[in-house]
Amino acid sequence: MQNAPSREILEKIFRTAYRIRVFETEGIKLYRQGLIRGYFHPYLGQEGIATGVCAALNEGDYVASTHRGHGHCIAWGADVKRMVAELLQKETGYCRGYGGSMHIADIHRGNLGANGIVGAGTPLGVGAALAAQIRGSDAVTVTFSTDGASNNGTFLESLNLAAIWNLNFILVIENNQYAVSTRIEESTRDVDLYKRGTSIGVESHQVDGNDPLAVYRLTQEAAEKCRAGKGPILIEAKTFRHMGHHVNDPGKYMPEDRLAYYKARDPVDRARNALVEICGAPQAEIDAIEGEIAAEFSDAVEFARNSREITAAEFRQFVADY
Amino acid sequence: MQNAPSREILEKIFRTAYRIRVFETEGIKLYRQGLIRGYFHPYLGQEGIATGVCAALNEGDYVASTHRGHGHCIAWGADVKRMVAELLQKETGYCRGYGGSMHIADIHRGNLGANGIVGAGTPLGVGAALAAQIRGSDAVTVTFSTDGASNNGTFLESLNLAAIWNLNFILVIENNQYAVSTRIEESTRDVDLYKRGTSIGVESHQVDGNDPLAVYRLTQEAAEKCRAGKGPILIEAKTFRHMGHHVNDPGKYMPEDRLAYYKARDPVDRARNALVEICGAPQAEIDAIEGEIAAEFSDAVEFARNSREITAAEFRQFVADY
Amino acid sequence: MYREALREAIDEEMERNKLVFIIGEGIAERGGSYKVTEGLLAKYGSLRVRDTPIAEAGMIGVGVGAAIAGARPIVEILYIDFAMLGMDMIVNQAAKFRLMTGGDGRVPFVMRTQGGAGGGVAAQHSQSLEALFYHIPGLKVVMPSVPADAKGLLKYALRQDDPVMFLEHKHLYMSKGPVPDGEHIVEFGKGDIKRSGKDVTLIAWSNMIPRSLEAAEALAKEGIDVEVVDPRTLVPLDKELILTSVAKTNRVVIVQEAVRRGGVASDIASIIQEEAFYDLDAPIEIVAGLNIPIPFNLELEKASVPQKDDVIAAVKRCLHPEQFTARAAN
Amino acid sequence: MYREALREAIDEEMERNKLVFIIGEGIAERGGSYKVTEGLLAKYGSLRVRDTPIAEAGMIGVGVGAAIAGARPIVEILYIDFAMLGMDMIVNQAAKFRLMTGGDGRVPFVMRTQGGAGGGVAAQHSQSLEALFYHIPGLKVVMPSVPADAKGLLKYALRQDDPVMFLEHKHLYMSKGPVPDGEHIVEFGKGDIKRSGKDVTLIAWSNMIPRSLEAAEALAKEGIDVEVVDPRTLVPLDKELILTSVAKTNRVVIVQEAVRRGGVASDIASIIQEEAFYDLDAPIEIVAGLNIPIPFNLELEKASVPQKDDVIAAVKRCLHPEQFTARAAN
């Protein structure tokens, strides 16, 4: 394998991927228990992308995300406690319970947030890149986007703005080949979405989204190019969901053989294997990491459960300002 | 020259191009006299495109146009009388004076109209193509669009819909290389706009928009392909305005050498030359045609001047329905 | 059920007129997120029932174009919030085409969508935005509250020639009520008295109708007789029905789920005070959503939109304004 | 001049804060269609003054994103009509971000645009759409009527942290009036009495202010003393100023250029009748645009929006309602 990342990076990648896996798997249970309301779009199966991308970014960079945003949020280093608290609509949550799953943001740390509007993260991300340019900063902004969003006008308009202004912007299209139940083949004649970037003069790549290391390397290169003034860059990462669109979607329309194909290329397994194979991490160490992350999630649930909700008085004060 | 069009077609092309030339040249005079209000975006210099395209279409087909719509309207066979009357806000105008230059339409004959919103003609045209498909008709719809509109979300969204639904739709991008005073190079990294069609699986071509015969041939082929179920098709026609963006724009930002270059390739001259050179039309015949068209315009002005405006009572009735 | 009534209307009109077709996200094989279009693909095929990519501006625009060219499209937008992506096509194209063509061009376009808060879907999936369409001349705005109206109004929508914003409510799809079989048409501009009463005129629409009826029943037990008027279509608005009721009761409460500021309730109030000023014995009470985006937290969400008790309190205030306003007592 | 006042505000704020920047179509070298940004490119360079392609959704969205990330963008949209293309970014992103983040996220975003009818630019270039923004919680809506307010409000807009719809009027750019040099700030939510009077409270904004003042002068000659109240910002609205004036005059005329149905005038009327019902001696008169898109024909265009005589007539009606309403006479 060409220039493997450092052990530190590999461990970070595995930890992040696994943390997302646990968050989603356990989060779904909380949802099924009725503790979480509204929409919950699991990131299961796509962990490799957020994980690889964020590992390649620096502090001071920005990310913008989608309705399927837990993974990006975690990979960007969010506090799982505050995430769970948000899902449980508690005052300690990232949005104090005002936002929920589709709106978790951490603006103080450069996470512009999940978004309930498909495609909206792209202009917002380009805007953050523009703000960086105005400030004279070399910060890079990544927008995580989707195959569905690539058919939306915001894709063309905002990527084109990033291009003519040479912004430090990376558009990561997570092509999981479905928009709810609609297959990508029904939504476009050319499923290779990166070509749309090329057509407007944007350097564009395709990568196996289930390979966190490949994603990491490509993003690292892209970020370097951006900081050297050669942005924006588009990365199409092919992937597949492990389940339906949201928790309540059985996803029966997903062919079993394709699901099996992608599950055999599970990004969390790959991250774990990399740590084992490249760095020779012993099983005990893997177990320890996994145990630690599982405990972290339990603690987060405990924390969230013990947190309070916004009071009527606090709410009235909030409203008064509108 | 490969398979020259018939004499009939060549004459039609010249007549149309010349009719547009007269309409715009004389129309500008009326505008300067204060007879026409609002916006007037001349089509001067771009006549080859509307002319070539419309000559290749059939009755029952549809066209949708832009803010620079007089040329399309005339090429589609509009009654110049009713066009002038519209510009003079008279009741005999195509829109009874309610629309004006930017909104002339002739829905009964398949002209969906000019449009004041850059980019809006594309979804509307795709919609007409969809309606034809629903009806089981093989009618083709052409949307005349612009370089400016190609950076707008409607471009991607609606051309993509036309593509996945295999609609009989032709998108003609009149790339005159400016959006008001903004050069195309400032608006995109890749000035070859046809590539955007290719990137979403749409057969896409580039053509010299100042060559009405080339435009005619390409459109004819495109329309045939559409009727054979191979649509949509994108045609990028490169061209250049002969003056500023609208009548009151001196257009000083347009470099003189480029203007000279394009004026030396004047589409009306080319249409005239084709008639002379290919069909051997004598000068007297050319003069007769030109005289006839000039007279037609004078008659139209006369007609419009003698027409009345909508009355207050008619207006009240119109309003009552809203 | 409301959603079945809608399906019946679409089904019958597609049967009746081959130019009626429907597009939207996941409406074909999946039958739509609210199951309104279930079975239509099997019956009418993929030419007339088709899924779209996530391209609201495009699908609305294409629908408008198809309508201009003489077809009768129904475009389903999953959430009214997403209609914001297609506002240009609604406001600048669909609504204006008729006037801009001097009356020649017509746009028999129906956009079906749903709004309203509930269930913690948060700020971008909970809005009640009818006021935006209400303000744009050229659009019809339809907001059925019961299954029979849903059917009758949708059938009518599919037979007339102006663009229609057909606004459903996410909480009504499973609501029950009688639905006449077959040819049941409800014309636009004809309101309906959902409960007659003599003390107060309560005007509401969409999901605020069942809520207001509950409030009215509770009030009836206290001897307060509320007349619940459902305009059913906001544009055109059945002013006559409203003014007749006001002339009888002399007191008005308007209940809307949308935020208070700049809502349709304000406009109806302005009309009543303009045309029936001397009929009013008390200020018109408006019960409406708070002037904020809808929060995720369920308690806050509930606090953000009118509840039964808010309606009850408003009715009482307007029956006894002197208890609430010093000036009224003088 | 109004446009110079706007330029001064932008210039001073760009000078003051390096994070202020401006984007729009033809605003750099060309200085904008209304010459508001002339000279700014030369002074501040192409990093902070830049042209955009024709991509309203994109430029608004990018502006919102930049604001979220801490910059202070001004996005100029040529015509308010075109803002419809960016409604999602305005309604679902800019307006909601603060609430959705529980208060942490702020959006110091200013969208400058212009509306209004006149000159035959027809239905898609003549709208007055403030009501659409007015109805969306989280947006501030600013509509300066005179140069001094234009400057002071724009400077204030560029120093606060919520998204601002800064709505100019195409007919005001060349209008004259004194403009204080340098640090002149007009806070949001503070209305201004443009003419004081005792007989009738006339509320208007933007281009309806000069027109209403003309009407007021004409009425003064007939001995009718009109108080002209300019809220200057519609959100936040200076209710206190309005209610104080109403308490004095007991009669209200509201003049808006926007169409009557669902306009801001209706909302202000609903507030007045709710909070000052017992102060009113006559129905509130609303003078507004007709409920139609603006026609191209100049005569029809004129007939579609309020003219001086319409304002005069309304003031008289509200002074003598008994002459117009049978009921008022009883």
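Labels for the chains are A, B, C and D, by order of writing; each one numbers its residues from 1.
In the analysis below, a residue touches a chain if its C-beta (ideal position, glycine included) is under 8 Å from a C-beta of that chain, and two chains touch if they have at least 3 such contacts.
Small disclaimer: the values here were computed from a predicted structure and weren't measured.
Chains making contact with subunit A as well as with subunit B: C, D. Grouping the chains by touch while subunit D is set aside gives one piece. Farthest chain from subunit C, judged by C-alpha centroids: B. Averaged C-alpha coordinates give centres for subunit B and subunit C that are 40 Å from one another. Subunit C has its Cα centroid 37 Å from the Cα centroid of subunit A. Residue positions 53, 55, 57-58, 81-82, 85, 88, 92, 99-100, 122-124, 137-138, 290-292, 295-296 of subunit D are each in touch with at least two other chains.
Multi-chain contact residues of subunit B, defined as those touching 2 or more other chains: 95, 97-99, 103, 115-117, 151-154, 157, 160, 164, 186-188, 318, 322.
With chains as nodes and touching pairs as edges, the resulting graph is complete, every pair of chains being joined. Contact residues on subunit D toward subunit B in their complex (touch as defined above): 25-26, 29-30, 51, 53-58, 81-82, 85, 119-125, 290-292, 295-300, 303.
Those residues of subunit D whose C-beta lies close enough to touch subunit A in the complex are 18-19, 21, 47-48, 50, 52-53, 55, 57-71, 73, 88-89, 92-93, 97, 99-105, 137-138. Those residues of subunit A whose C-beta lies close enough to touch subunit C in the complex are 37-39, 89, 95, 97-100, 102-103, 115-119, 148-149, 151-153, 179-182, 186-188, 253, 309-310, 312, 315, 318-319, 322. The part of subunit B that touches subunit C in the complex is made up of residues 62, 64, 93-99, 103, 105, 107-108, 110, 112-113, 115-117, 120, 122-128, 130-135, 141, 153-154, 157-158, 160-161, 164-165, 318, 322. Within the complex formed with subunit A, the subunit B residues making contact are 151-157, 160, 163-164, 186-190, 195-196, 198-202.
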